[in-house]
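Next come two complexes, and both contain chain A; in the first it sits with chain B, in the second with chain C.
Entry: the complex of A and B
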């Protein structure tokens, strides 16, 4: 499957932030493990820099954002870059649903953080499947 | 409607409501008739980040000034909040169970934490900071952390 028909995943770019790390771990699991054929990642930093290829990708494909905090930089940047967000996930909301998975750590997440990333990845993968189903309908 | 003292540090602007008193942690207390409503300041919520969970002790709990009466878990920290006054908890903001983020959105209004029956409000007033004092306190704290 060509990248142009994949669902675009855009996680938080917060470096040194626990919840940002959870968002990226979840994104990597989706694109590398659960939905490698149907999803791909566009780094938020490329949109911030105005990268034309990244802007075209979000304009022409379905987009899922994963925000690390209430600032919602990933979602806002997609919208400011001419794209629209089909599904928005927030790590904090995921944690509220899975309070036993308390994330800690930055470069290396604790067990709770890894579990939360996996739970979030599972939810995102379901959204990818749903979007692909709509695309193929 | 509250008036505010404001200051800007780095890219953040902080508001301090002028119609209530504060302890050093950033818990405000506002008397209204026989009850005193408490919550956290705008500086507290911005400084500590998005609130994931807020748990306040049960209605009927008796606390002394300085004792823990609530716990707030943010994306950065778990914080035990010291009560700004001695008294009995009369009511707890039930909205926090489902929407703890209201503390971030409206710390001086809908994000209130609890209402107390003060055992000695006059004594509490003497131990709390005025808005101007809290303004100086937070400004110094922000500058110290930013330097």
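Entry: the complex of A and C
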């Protein structure tokens, strides 16, 4: 499958809090493990810089954002870069749904953080499948 | 005279999630922030320069900032310069790897040994730069070194429409306050912190206090001389409100 037909995953790029790490871990699990054929990642830093290739990718593909905090940088940057967000996920919302999975750690997530990232990745993968289904319909 | 906020060095990592070198930047920045120079460094997420408020955009003007990039696209350095202020220093991981002859790092989620080497080297160099920058005199008003070394003057922050006092999601943003000056809205960098320090020092509202606050405001903000009376009136009004609100809480 060509990259141009993949669902774009854009995680938060926060490095100061554990929720940013959870968002990245979930994104990596989706693109590397669960949906490697149907999803790919665009780094937020390229959108901040206004990279044309990144802007084209989000303009021409379905986009899923994963925000680490209420400021929702990933979602805002996609919208400001000319794309539209098909699904928005927030780590805090995922944590509210999975209170038993308390994330800790930034460089290295604890077991709760890894579980939360996995649960979030599973939800995101379902959204990827749904968007791919719409694309192919 | 109240003590001003401690001088720190800002760290902005590209955090590029699609390459291993991006992971190196993130982990190196964290090593500096948490282990090597925790008392002397702060960080901000790169997207907050656009998604955040005036406090975030003032970051590289308020703090001499080191941009850590994974590749020669230099997203962190270029975006920081475009939206906040010119970084005081810049590090590119691929340059370090080439210079040291390390193998290419691999593993977005879990770096290989070469990646770990790159993290250590990048962190060590960043920490050395932090020490170097702390030794230099930094002008928060101009966003550059006072002796004019290699930093150009940063642009003045744009006026925001929001009246909320903001702080960045990493807990390290610059506090700002939106105020009315002679009928015009203006963003005053560091005003909440200045007010708080005067209150803690027990300086109640008075002409003398207003004059002292104005001197502090000038350190962080560019004021036209002809606007001084309007600023003085605004500061007198705002500090009285601040003082009164704090007194009620107590």
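Basically, the second predicted complex is superposed on the first by the 137 of 137 C-alpha atoms of A that agree within 3 Å, B and C clash if a C-alpha of one lies under 4 Å from a C-alpha of the other, contacts with A are read in each partner's own complex, and residues count from 1 in each chain.
By our rule, a contact is a pair of C-beta atoms (placed from the backbone, for glycine too) under 8 Å apart; a residue touches a chain by one contact, two chains touch by 3 or more.
Values in this document were obtained by computation on a predicted structure and should not be read as measured data.
Colleague: With both complexes overlaid on chain A, does A:69 touch chain B (first), chain C (second), both or neither?
Modeller: Both partners.
Colleague: Now for A:98: first (chain B), second (chain C), both, or neither, which partner does it touch?
Modeller: neither
Colleague: First (chain B), second (chain C), both or neither: which does A:28 touch?
Modeller: second
Colleague: Looking only at contacts as defined up top, I'd like to know whether chain B or chain C touches more of chain A.
Modeller: C
Colleague: Under the stated touch criterion, which partner chain does A:18 make contact with: chain B (first), chain C (second), both, or neither?
Modeller: first
Colleague: In the superposed arrangement, does A:45 touch chain B (first), chain C (second), both or neither?
Modeller: A:45 contacts chain C only, not chain B.
Colleague: Go through the superposed model and pick first if A:55 touches only chain B, second if only chain C, both, or neither.
Modeller: Neither partner.
Colleague: Looking at the overlay, what does A:80 touch: chain B (first), chain C (second), both, or neither?
Modeller: So A:80 only meets chain C here.
Colleague: Based on the A-chain superposition described above, do chain B and chain C contact any of the same residues on chain A, and if so which?
Modeller: 17, 69-70
Colleague: Which stretch or stretches of chain A touch chain C in the complex?
Modeller: For chain A paired with chain C, touching residues are 11-17, 20, 24-25, 27-28, 32, 41-49, 51, 68-74, 76-77, 80, 106-107.
Colleague: Help me check something: in the complex, which residues belonging to chain C touch chain A?
Modeller: 13-18, 22, 26-27, 29-31, 33-34, 43-52, 73, 75-76, 78-79, 82-83, 108-109, 169-172
Colleague: Given the complex with chain A, which residues does chain B contribute to the contact?
Modeller: Contacts found on chain B: 49-50, 52-53, 75, 100-101, 104.
Colleague: Contact residues on chain A for chain B in the complex?
Modeller: It comes out as residues 17-19, 69-70, 92, 95-96, 99.
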